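Supplied in structure tokens, the structure appears directly below.
Chains here go by letter, A, B, C and D, matching the order in which they are written, and residues are numbered from 1 within each.
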Amino acid sequence: MLFKILTKDGFEQLVDGILESNEVIGPKRVATGANGKPIHQYLPVTSFGELDLDYETTEFPAKTYFLPYRETLSTFHFDEADWTQEIRYRIQPRAIVGLHACDINGLLKLDKVFGRDAFPSPYYLSRRRNTLVVGIDHMPCEGGFCQSVDAHVVSHGFDLFLTDLGDRYFVSIGSDRGFDLVGKVENREVSEDDTHAYLAVRRRISDAFKTHVRTQNLPTLLDLEFDSPVWKRWGDKCLSCGSCAMACPTCYCYGVNEEVSMDFTVGTKVKQLHSCNLVDFAMVAGDHNFRPSRESRLKYRYYHQHRGFAEAYDEPKCVGCNRCGRVCLAGINPPEVIADLHEEDRA
Amino acid sequence: MSTELHRYDITQESDFLQPRDFNRKTLLQHVDQVFRAQITNIIDLTSEEKLFHVRLVKDHQRERFTFLPGQFVMLEVPGYGEIPISISSAPTNKGYLELCIRKVGRVTSVLHKARRGALVGIRGPFGTSFPMEKMRDHSVLLIAGGLGLAPLRAPIFHVTENRTNYDQVHIIYGTRTPDQLLFDYQYEQWRRINGVNLSIIVEQPDEAWTGEVGLITKLIDDLDFDPANTYAIVCGPPVMFKFVCNQLSTKGVPMHRMFVSLERRMHCGMGKCCRCNIGSTYTCVDGPVFDYWSVMNLKEAI
Amino acid sequence: MRYLGIEPIRPRVGVFSFTCCEGCVLQLANKEETLGPFLEAIQVVNFREISTEKGADYEIALVEGSISRDDEVERLRQIRDQAKVLVALGTCAVFGGVNRLKDVFSPQEANRIVYGDQSRETAPIRAVHEVVPVDLSIPGCPISKVELERIVQHVALDLPWQFPEYPVCVECKQRFTVCMFDKGQLCLGPLTRAGCDAPCPAGGLGCWGCRGPAADPNHAEFDALVARRGFSRAQVQDRLSFFGGFPTEGSEEKP
Amino acid sequence: MKLDLNVDVHHLTRVEGHGNIVVRIQDGKVQEARWDVVETPRYFEAMLLNKHYTAAGILTARICGICSIGHCLASVRASEAAMGVGVPDLAGRLRLLAKHGETLQSHVLHLFFLAAPDFLGLDSALPLMTENPTVFGLAARLKGLGNRICDAVAGRTTHPVSIQVGGMGARPDPTVLRSLRQQIEAAVPDLAATAEVFAGFDIPDFERETEFVSLKADGQYPWIGGRVVSTDGVDRDEHEYRELTHEYLNENNTSKWCKLSRDAFAVGALARFNNNHAALHPAARKVAADLNLSPVSHNPFHCNLAQLVECVHVAHESIALIDEILAAPADAPIMADFEPRAGEGISAVEVPRGILYHRYVYDEDGRITEADCVIPTTQNNANIHLDMGALAAQFATRGMTDQKLELLCSMLVRAYDPCISCSVH
């Protein structure tokens, strides 16, 4: 990897340059929570000033810019006795500025599912390739346990990654595209001092994690605890509202539905993000539901995160952002649920 | 300074990112493209099921389209939805499929209204198949309950078309009532095939019924076969194949020689939407055909 | 759908209003981008609010409003006799709607409050299904025209229609709306059936439950979570009883 | 020759709600001429009792599906008055913009879908779709525009969500506002075309001396709050609404009736026009001149034309409002900080059909102990009734038939654009 130093002004210039002819998305302050804390979302901005790079976390992840909550997969044009299928995917380039390490790790996991595998998704890949990703280091967010799942650092999957050294940014360059951009504004080589400062910041971040989740042996533990009362305890609380999956940077389950235009000339095939906690997730014809209870649905969300995905890709799907825990009105959150499972193990 | 971000054409990646080939050199950008297919014939089977003969429209697609017994396709009815349907015809018929469809919801209802000549879409074939090669030189039990005869027809065709490759063949079929029996016009034909033994049973007979009455397990009780030399394919609702497989198991058929076809909700057929996910297993790509041992190991499979 | 060999049928539709604000039938004339095709997909033969034609040969009756007077019962029965398919349109027709709120008073008391000594005829509010059998219930105060368009397409081809089973939160999140609870406000989204596209939380109001309960709503946990966040029983009950779609304290199961 | 005429309309069509017309003419003399509202009563004033202030606006919006924004607005203003809440400037502008959207939507609905078919000899506007797609297109586009404004600002076309006690619950996205502004500008030719269509209609020649009542604002066309004036010289504060309406009961009606200086009075677009013509946007004044409409008109059928003039006015005023809203700083407040408190509040708002009054009394918990709503159509009903008598008398001449008279009477009622379910709230 190549590294450079950018001044803060230089970075602002860089973003302004992109803004002139491209859409830029970044953390924007949208409201103040009841607890007095600001609430942020990744949203399109019109100027650098609208970005709040010193944000703690966002309510929703940036995945919607890669896997939209709703996306048209195909359009069918009806013509008397015939039809044609039209497939389009987004190719308009844009930039996302200010993703934290966990969110970039989230993208890397989605890459595994939608970028490789048996059937890569052109819809996803086109968005991914056409999105410039600029990451930034940040102190741990409250409740975040990305360190426990090794998602607090990231070494690829971005174009640029910034570490704030006070008056300047230490920039890790992850692509030729990123390299060219840095070259367009004032920059300089990394000095030994910069490297020391950078490592100190990294260390400070690593040391600051307060929330830890025991992930060792979790896949096996989950198999062992398949019938554990823990699931009922937490499952009974579940509102089956799907908020966790909407807020999770790596949840990607979906449903596909088709609609016909009111004048019966066009049919559209629309993909909509679903959630394994929703009642009808595994409902099939004849009203048979393979996961009729809240308990079984909640359990399978944890299974997919920490066992199923681990089996397929040797790592958990969860990046430890705890957005699902924060957004859950019932207070179901991975640190506590997983701790509970370990308790059960000991008991 | 103005920076215009480069537009990246993903079709450039097709060379090194190629989807698992389902019978066409599929380019990345075409994974969602359907083959246009015409409904050439419709056969009323029962009040709820119809058999659709479907033929791919384009010559080169018909040429290339092959499948194995047990695989399924995603059947697209533009504007109404795409549903997984098992292929119910002989694998030797190129580019030509028979799909047996029960009317249960939106897509199947609109299909049941469709007329001969209608154009639908086909994606696939998808999924695993019954290991017909492995079964060579063995006796085969082909067991179906209810709509399970639809996916079982492909192996039946295969076995009868390659009759010399297999030893004794038993086709065992059961439904709840006589009017639910599918493909009754073919029974006579199957019965006449040398070394094929067809038995049928219903749970609730009507006045006209003269055949066997009871659960399908009753037929298996009476069955005379050599478990050491036998493979079984069992298709039907989960309760049915669970009972049948357990019964076969007690009779001595090893679990890895019994094959079942699982049904789950599916929206993509490509291991993405997760709706068919059982633990870490995707019914659409890792299945739908599983041996019974694997099914026993899948939590919540039955 | 010609490519399937199915000719679109244009069902004959009658539109009827009972005790309500007529906001749901107004939606029939809304969503102007597709108004032409919508009105072409059906044949409106009786629609007092916008047409003088009073055809009695309708197959589908769209009935909005709740039932609160004897003459309404009579009129509704006649409509039921004529229609092949009777659709309860909107929250008032499906659940009784806000009109039920008057029933905390006796008819006499309500009359005294509003009309003094010259009372008018009124009876406790009934939803349409409490008077005649209903074939399809479309909730919403008002109904969503987008949803109605789709339902009409289904009814016209006699295809089964399925409402979303999941709660409003799903659509709310998919609109990027900051959760009302995070802003310290109350919301019935976790209990309420989706399909409206969550306009209320997006408008800063929070859901009031006009579409009635989602499949298997978790009332126990909802009660617990609103209590944890400091909302009173009365506040929650006010909302749950507002549109008549939820079982309220003291009532047996569903109204 | 004897002239006997009978008109009996059960559930008049192309109006909102249920009302009947009865006219009996014997030997050329009007024996009976009645406009009866038979809508089922809903008892909103009872429902409001004990409701929390957060519920009042949402509840009263359900009084009417066409002017729900007006109701919600009148309601939250009354609550704000009761609790002494000052609404942030930006919120006030957003509210007015939402109301303009509603006025446009409601007027266009009335003009094209409810009123125009009579002038075109049609049962409804539906045949226009195929027979006169140009006119149908005008109607659909203009109504759509009104609805989109409501949607963007109030959160929904019918039953607003963001109009709340204290201000607004959400601020519309600037890109949406900019697009709306463009759409309104693009609609100006459509409004001109509409004026041309209506200029071609044969409007019945009928007048009856009427007292016209409306709000009045200094130098501006009145929409929200202010003084109440009449063509008979009344000039009072909105708080004196009781002295301005004198609600009373009529045995044939589920709606109440009102009076002021005379037996009846009229509110609505024509009343606003008659009292505030000078404050109209020049473009709107020009359309009025083109349509030969000038104050004070005593022809109730001119209400249609006044609505058209108002459409032009709100379009222009909306453009200016959007500019002001876009210019407001990103962090400008839209919601006031307040605590509920006991008190009484009265609010008058000009909704499409005339002045709407809401009055609430709150206890210290912010719950309503007394509620009163006086609806425009309630105020108009007596006047419609009296007009009906005069109309019947004027047209009880040779050559008149039951059918023609029925049409005239129906057109008269429709000209008022009555909102019957509102009036029987």
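We take it that a residue touches a chain if its C-beta (ideal position, glycine included) is under 8 Å from a C-beta of that chain, and two chains touch if they have at least 3 such contacts.
The shown structure was predicted, so the numbers you read here are calculated from the model rather than taken from an experiment.
Set side by side, B-C and A-B show the greater C-beta contact count at A-B.
Centre-to-centre separation between subunit B and subunit C, using Cα means, comes to 42 Å. Annotation: 37 Å between the Cα-based centres of subunit A and subunit C. Chain centres here are Cα averages; for subunit C and subunit D they lie 25 Å apart.
Multi-chain contact residues, meaning those touching two or more other chains, do not occur anywhere in subunit D.
Looking at subunit B, residues 77-80, 105, 117, 119 sit in touch with two or more other chains. Shown for subunit C are the residues that touch two or more other chains, namely 1, 3, 5, 36, 40.
Here, these are the chain pairs in contact: A-B, A-C, B-C, C-D.
For subunit A in complex with subunit C, the residues that touch the partner chain are 30-34, 39, 41, 43, 59-60, 64, 69-70, 78-83, 236-243, 246-247, 259-264, 272-273, 275, 278-280, 283, 294, 327, 329-331. Against subunit B, in their complex, subunit A makes its touches with residues 13-14, 16-18, 20-22, 73-74, 76, 78, 81-83, 85, 87, 89, 91-95, 113-122, 125-126, 129-130, 132, 177, 181, 184-185, 226, 252-260, 266-269, 274, 276, 281-286, 290-291, 296, 300, 303-304, 307-309, 311-312. Per the touch definition, subunit C reaches subunit D in the complex via residues 17-27, 29-33, 35-36, 39-40, 44, 47-54, 68-69, 72, 97-99, 101-102, 104-105, 109-111, 113-116, 118, 120, 122, 141-142, 199-200, 202-205, 208, 235, 238, 242. Taken in their complex, subunit C has these residues touching subunit B: 1, 3-6, 154, 157-162. Listing the residues of subunit D that touch subunit C in their complex gives 11, 13-18, 40-43, 45-47, 49-52, 55, 58-59, 62-66, 68, 109, 113-114, 117, 123-126, 129, 136, 140-141, 143-144, 147, 154-162, 164, 168-170, 249, 251, 254, 335, 421-422.
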